[in-house]
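Both of the next two complexes hold chain A, though its partner changes from chain B to chain C.
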Partner chain A sequence: MDLKEKLVSSFLAFENTIDVDSPVHDIRTEAIKTFETTGFPSKKDEAWKYTSLKSILKEDYSVFPKQQNALDYKEIQKYFIHDIDTYKIIFIDGKYSSHLSHVTHDGIDVCLMSSALNKPKYRPVIENYFNKIAPKESLTSLNTAFSNEGAYIHIPKNKLVEKPIQIIHFSTGNEAALMLQPRNLIVVDENSHVQIIERHQSLTENPVFTNSVTEIYGNKRAIVDYYKIQNDNKNASLIDNTYVDQKEQSHCLVHTFSFGGKITRNNLNFYQNGERIDSTMKGITIIGDKQHVDHNTLVHHIEPNCESHQDYKGIFSDNAIGVFNGKVVVNKEAQKTNAFQANNNILLSDKATINTKPQLEIFADDVKCSHGCTIGQLDDSALFYMKQRGIPEKEARALLMFAFSNNVLDSVKIPELKQRITKLIANKLGVNIGFDL
Partner chain B sequence: MSKYTEDDLREELKTKEYEYGFYTDIESETFPVGLNEDIVRAISKKKEEPEWMTEWRLEAFKVWKEMEEPDWANVNYQKPDFQAISYYSAPNSKPKYDSLDEVDPELLATFEKLGISIDEQKKLANVAMDVVVDSVSVATTFKKTLGEKGIIFMSISEAIKEHPELVRKHLGTVVPTKDNFYAALNSAVFSDGSFCYIPKGVRCPMELSTYFRINQAGTGQFERTLVVADEGSYVSYLEGCTAPSRDENQLHAAVVELIALDDAEIKYSTVQNWYPGNAEGKGGVFNFVTKRGLCEKNAKISWTQVETGSAVTWKYPSCVLKGDNSVGEFYSIAVTNNYQQADTGTKMIHLGKNTKSTIISKGISAGKSQNSYRGLVQVSSRAENARNFSQCDSLLMGNECGAHTFPYIEAKNKSAMIEHEATTSKIGEDQIFYCNQRGIDTEKAIALIVNGFSKEVLNKLPMEFAVEAQKLLEISLEGSVG
Partner chain C sequence: MLQIKDLHASVEDKSILKGINLEVKPGEVHAIMGPNGSGKSTLASVIAGKEEYEVEKGEILLDGEDLEDLAAEERAHKGIFLSFQYPVEIPGVSVTNFMKTAINETRKAKGLEDMPAKDMLKMIREKSELLEIDRKFLSRSLNEGFSGGEKKRNEIFQMAMLEPKLAILDETDSGLDIDALRIVANGVNKLKSKDNAVVVITHYQRLLDYIVPDFVHVLYNGRIVKSGGKELAHELEEKGYDWIKEEVNS
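And now, the complex of A and B:
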C-alpha cells in the first residue's frame, strides 16, 4: 500500500479518535477529498520541477504515533536557545510534552492547537482564521485533513510579547519511520509584536517526514518576526508550508536557515491585503552531501504602496542540490509597489547543482520591481590576500563565505539566536572561529 | 502646441490600423484543407523531392500525430484547428526570372508597399534577397556574386534537389523532428524556406536576407531555414516577416537551424511584424517558431530580434554551445500592444569549456498586452569556466498590460559564473519632466526614452535593418517614436 492510500484510508480512524462534531470536521473532510484527487506532487508539476518526493514517499511511515515518549531536558538542551528566557511549545513524536514546555494564557495565548480546536473559548478565533489562507494544494490539504496538534499563538491588541516563543518538534526514533503533520496558527492583533523560533529535530537516523503548515495573520501595524532553523539529520525530510496574511502597515519577517536534512522544501507565501505593508524573507542555505533544499516563495502584492524584500544566499558542496523558485505577483491595483528579490549562490563542487527560477509577474505600471540572481565562486584574489596575511586557507574561505551570507544575519533581532546561528555556520564550514574577529 | 501625454499615445495606439494590411491577389494554387499522410506526400511530390526527403517528412508526421500541443507558455489563445488549415499555397505560375522586370508587377507592388522594393534593396542596401511569398521562393538576387565565392544561397526546395548531400547531412541535426509539437509539424509539411552554405574560410561579402509574408487566407506558413557556416566562415543573415490583416488567425510555425562549425560566426537578425490583430484582439498571426543554433569550437552565434507583430508569439532562439570557447548571444526587443501576447526568450546550453553567453532582452508592453520573457541558462558539469550574463528589462505603458519574467538557471559546474538581473519600470514622470524642462516636448521625450531603452539591442542590428526596425517601432508605438 503506498503512502497516499495509507493516509486516505486511515483518515476515518483518525476522525473517530477526535471530535467528529467539531466545526473543523467539514474542513478536514473536504481537505482529504482534495488530497485524494490531487495526490502527492510529482516532477511534472511546474512548482515541483526540480524536487522529487519519490525517495521520501517510499518509506513505510507510521502515521499516528501511539505512545507518549519522554525526553530528558539535559540531552536535548543544546537544541534550545537556552541562555534566554522563552516560552516553549515542545512536541515529542507529534505529542505535546508538558514538562518541557512553558505555555501561557496570561494576557496572550501561547498554547496548543488541539485545545484551541476543542475549547469553545477559542471558537471565534478558529472560525475567523483557521484554514482561511491555506490554499487547496495537495500537501497543505493533506495537513489540513489531519490537523489536530501544533502551536496556537494568539496575541491580542497592543501587546509586546517580551520573550521569544520557541516551537520545537523532536522525533525520538522509537518508530522505525515517522510521519508528522504539525499545524500552527499564529494570530497577531493590532499593534502587537511577537518573535517566534521554530525548529524540527530528529534524534536518531530513522526516517522522519514532516509536512507542516503554519498560518500567520499579521493585523494592522503588527510586527511578526519568525525564524526557522532547519539543521536536521540526514534522513529527516521537511516540507514547510507557511502562509502569511498581512493587513495594513504590518511588518512580517521570515528568516530560514537551512543547514541540513535530506530534502527540505520551504513553501513560503505572503499575501499583502492592505496598504503600506512590508514583507521580508531571507534565508541562508549551507548544505553538502546529498542534501536537497528547495525554497519556493511567493509574494502577492494586492494593494498599493507596499514593499517586499527577498534575499536568499546559498552555498552548496558535494552532491548537494539547491533550488530557488521565487515568484512576485503585482496586481493591477498595486501601484507604487517596491519588490526586490536577490538570490546569490556559491557552488563549491562540480557535483553540486543549483536550479534557480526567479519569476516576476507584473500587471501594474507604476512599480519598481527587480530581481537579481548570481552563481559564482569565492574571489581568488581575496583568498590570496588573506593567505598572505597568515590566515590559513580553510579559515580564509570560511570567512569569505560568512561575509557572503552576513547581510541575512544582520536583520536577526535576537542576539542570542544570531550567535547560535553564527556558531552553526562555523560548524557547517568546519572551522572553529567566532567570525567576530 | 497641445500637450501630448501618455494617454494620447495610448489612444493613438488603439486606433492605429495595421499599415501593412493589404492583400495581393496573385492567383495561387492551394491544397485542400486538412492534414494527413496523403497531403504530406502531395507536398513532397509537388516539390519533386527525392525519396529520402518524403520519408523524412512522413517520419516527422508520425511523430507529430503522437504529440500534444504545449500549453505551458504564458499565453491564452484559441488553439488552431490543424485540420482546418491548407498546408500548401504557392503563387500559381512559379516564376524563374533573370531580371525583376519579368516578375508579376502585382507582386512587386506588394514589396513596394512593404518598403522593401527589390530594386532599391539591390542598389542601395547591397542585400541579396530570397523573397518568400507564401512559402515559395520567387526571386533570388545576387546569386551570381555569391556563386563566385562558392556561397550557396537558395530556396531549400532547390537545395534539396541541387545539394542533397549538404541538406541531408545537416537538416534536423539541431532541431530534431521530434523536438517539439510545432517543429514536428513543420518538418512534415514545410513548403519552402532558405538554405545557405558558406564554405570554409569565406567571409560573406553582403548581408543575406529573406522576407516572409503570409498572403493567402487560411494558409499556414511553414518555412524552414538552414544556415551552415563551414570552418572559419562568417555570415550575417536577415529575416523579415509581415502578413496582411485578416480576421481569422493565421498560423506560422517555422524552424530555423543554424550550424556554426569551428571558428565560424553566424549573425542572425529578425524583424518580425506579422499582423498583430486589430484593436479588439481579433485576428492576427500565431507565431510558433523553433530557432536553434549549434556552435562548434570557437564558433559564435548571435541572435538579434525585433518582435513587434503577431497576436501570439512563442519563440525561443537558442544556442547550444557545444564546442570549447564558443559564444552565444541573444539580443531582443519585444513590443506588444492591444491584445498581443508574447512569450519569448532564449536558451543557452553550455556544454563546452570556456563558453560564454550574453542575453539582453527588452520588453515593452502597452494596451492590454502581455509580454513574457522565458529563458534558460544551463551549465553542464563538464562546462568549465562557463560565463553568462542576462539582463531583462521591461517597460510598462498603461496599467492594463503585464510584464512577466521566467528565467530558469541550472548550474552544475562550480566554476560557472552566472548573473541574471531583471527590472520592471514605467517611463518616469521625472524623466519626461527633465526633457520638458529642456524644451523637448512630451512626444519627443517618450520617443527618446523608448529609443534609449531599446538602443542596446538596436545597435546590434545591421545598418540597413536598424533603420527598418526603428520604422517598425514607430508603427507599433506610433506617436511615441520621433
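And now, the complex of A and C:
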C-alpha cells in the first residue's frame, strides 16, 4: 500500500479518535477528499518541477503518534534558546510534552491546538480563523484532514508579549519511520506584538517526514516576528506550509534558516488584506551533501500602499540542491506597491545546483517592483587578501560567507537567537568565529 | 632577512619574473621601481604567496627558511605583510572585527592565547591615532565605500596592528593626495626599527621623499637591471625609464 492509500484509509480510524461534532469535522472531511483527488504533488506540477518527493514517500511511516515518549531536558537543551525566558510548546513524536513546555492563559493564550479545537471557549476564534487562508492544495489539505495537534497562540489586542514563544517538535526514533502533521494557528490582534521560534528536530537517523501547516493572522497594526530554524538530520524531511494573512498597517516577518535535513520545502505565502502593510521574508540556506532546500514564496499585494521585502541567501556545497521560486502578484487595485525580491547564491562545488526563478505578475501601473538573483563563487582576491593578513583558508572562507549572509542575520531581533544562529552557521562551516557579526 | 635567489615565476604559463636576486637585511628600506608591466606587483604577490603564481625556479628565504611550501597565511604568520595596491572590499566585516580575527589567528598559529579585549582596544586606539583614523571608520565594513586614500591608510593601520617583520608596500602612494601621503609615510617611518624591513614598490619617486630608501632597484622585463642608492630614484624621476630600457636592450 503506498503512502497515499495508507493515509486515506487511516482517516476513518482517525475520525474514531476525535470528536466528530467539532466544527472542524466538516473541514477535515472535505480536506481528505481533496487530498484523495489530488494525491501528492509530482514533478509534473509546475510548482514542484525541481523538488521530487519520491524518495520521502517510499518509506513506511507510522502516521499516528502511538505513545507518549519522554525526553530528559538536559539531553535536548541545546535545541532550545535556553539563555532567556520563553514560553515553550514542545512536542515529542507528535504528542504534547507538558513536562518540557511552558504554556500560559494569563492574558494571552499560548497553548495547544487540540484543546483549542475541543473547548467551547475557543470556538469563536476557531470558527473565524481555522483553515481560512490555507488553500485547497494537496499537502495542506492532507494536513487539514488530520489536523489535531500543534501550537495555538492567540494574542488579544494591545499586548506586547515580551517573552518569545518556542515551538519545538522532537522525534525520538521510537518508530522505524514517522510522519508528523503539526497544525499551528497564530492569531495576533490589533496593536499586539509577538515573537515565535519554530524548530523541528529528529534525534535519531530514522526517517521522519513532517508536513506542517501554520496559519498566521496579523490584525491591524500587529507585529509578528517568526523565525524558523531548520537544522535537522539527514533522514528528516520537512514540508512547511505557512500562510500569513495581514490586515492594515501590520508588519509580519518570517526568517527561515535552513541548514540541514534531507528535503526541506518551504511554502510561504503572504496575503495583504489592507493598506500600508509590510511583509518581510528572509532566509539563509547553507547546505551540503545531497541535501535539498526549496523556498517557494508568494506575496499577494491586494490593496494599495503596501510593501514586501524578500531577501534569500544560499550557500551550496557538495551535491546540494537549492530552489528559489519567488512569486509576487500585484492586483490592479494595489497601486503604490513597493515589492523587492533578491536571491543571491554561492556555489562552492561544481556539483551543487541552484534553480532560481522570480515570477512577477503585476496588474497595477504605479508600482515599484524589483527582483534580482545572482549565482557566484567566493571571491578569490578577497580570500587572498584575508589570508595575507594571517586568516587561514577555512576561516577566511567562513568570514566571507558570514559577510554574504550578514544582512539577513542582522534583522534577527532576539540577540540570543542571533547568537545561536551565528553559532549554528559557524558549526556548519567548521570554524570558531570569535565575534558576532 | 629576505633573500631572493634567481627567482623565476609565471602566471597562466606567461613567464613574468625571469631571475630576480635580492637581499634585504633587518633595518633596511628597499625601493623597487620600474615601468608598468615590469613585474613589480608580481614580485610582491609571489613573496606573499598568491597561489595563481607559479614559482618555476629559484627560491625565497625568510630568515633562512624556504617559503615555497608555505601558504599565504603561514607566510603572514611569519611576519610578511603586503599592503595591497587595490585593497579588497569585504562588506559585512568591520575593520575592527577583521583585525581582531587576523591578530588572534596569528597568535593562535604561534601557540598564543587570544589577545585580551582590553589590550586589543588599547592597541586599536593607539594605532588608529598614529594613522589619524577616525574611530567611526573602524566600525565600517572593510574597505567598502572607502576613498582611495582611506583604503591605503587602512592598509598601513593594519600593518601597524600586525607589526610585521617584512612589509611590502605595493604602490601605496597611488591614489593618495599629499596630506594622506604624508600621514601614510609618517606611519611607516614610525613603525620602522632595526629589526624590521620595508620594501617599497613604486612607479614614482614621490613617496621616496618621505620614506627614504637605503637601496633602489630598477625592475625591467622581469629582472633587476640596476641597483643603487636613493639618488637613483631621483635620476629616474628626471630621465624616465627609457635610458634604462636602452641600456638593457643594447
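Everything below uses one rule, namely that the second predicted complex is superposed on the first by the 433 of 437 C-alpha atoms of A that agree within 3 Å, B and C clash if a C-alpha of one lies under 4 Å from a C-alpha of the other, contacts with A are read in each partner's own complex, and residues count from 1 in each chain.
The rule is simple: contacts are C-beta pairs under 8 Å (C-beta built on N, C-alpha and C of every residue); 3 or more make two chains touch, one makes a residue touch a chain.
Here the structure is a predicted model, which means the values were calculated and not measured.
Assess the superposed three-chain arrangement around chain A: do chain B and chain C clash, or do they fit?
On the superposed model, which is not a single observed complex, chain B and chain C fit side by side.
Identify the partner contact of A:Phe402: answer first if only chain B is touched, second if only chain C is, both if each is, neither if none is.
A:Phe402 sits against chain C, while chain B stays out of touch.
Considering only the touch criterion stated at the top, classify A:Gln335 as touching first (chain B), second (chain C), both, or neither.
After superposing on A, A:Gln335 lies in contact with chain B but is clear of chain C.
In this superposition, which partner touches a larger number of chain A residues, chain B or chain C?
B
Scan A:Glu46 for contacts with chain B and chain C and give back first, second, both or neither.
A:Glu46 sits against chain B, while chain C stays out of touch.
Output check: A:Gln359 vs chain B and chain C. Expected answer is one of first, second, both, neither. What do you get?
Only chain B is touched by A:Gln359; chain C is not.
Looking at A:Ala382, would you say it contacts chain B, chain C, both, or neither? Reply first, second, both or neither.
So A:Ala382 only meets chain C here.
Once the shared chain is lined up, is A:Lys95 touching chain B (first), chain C (second), both, or neither of them?
Neither partner.
Using only CA atoms and the superposition described at the top, report the least gap between chain B and chain C in Å.
Here the least C-alpha separation of chain B and chain C stands at 16 Å.
Both chain B and chain C contact which residues of chain A?
Of chain A, no residue contacts chain B in one complex and chain C in the other.
Going by the contact rule set out above, which residues of chain B touch chain A in the complex?
The touching residues are 72, 381, 394, 396-426.
Can you list the residues on chain A that touch chain C in the complex?
Listed in rising order, the residues of chain A that touch chain C are 379-382, 384-393, 395-396, 399-400, 402-404, 406-407, 433-435, 437.
Note which residues of chain A are touching chain B in the complex, please.
The contact residues of chain A facing chain B are 46, 332, 335, 345, 347-377.
So in the complex, the part of chain C that touches chain A is made up of which residues?
Within the complex, chain C contacts chain A at residues 48-52, 71-73, 75-77, 81-82, 84, 87-93, 97-98, 100-106, 109, 114, 141, 158, 162.
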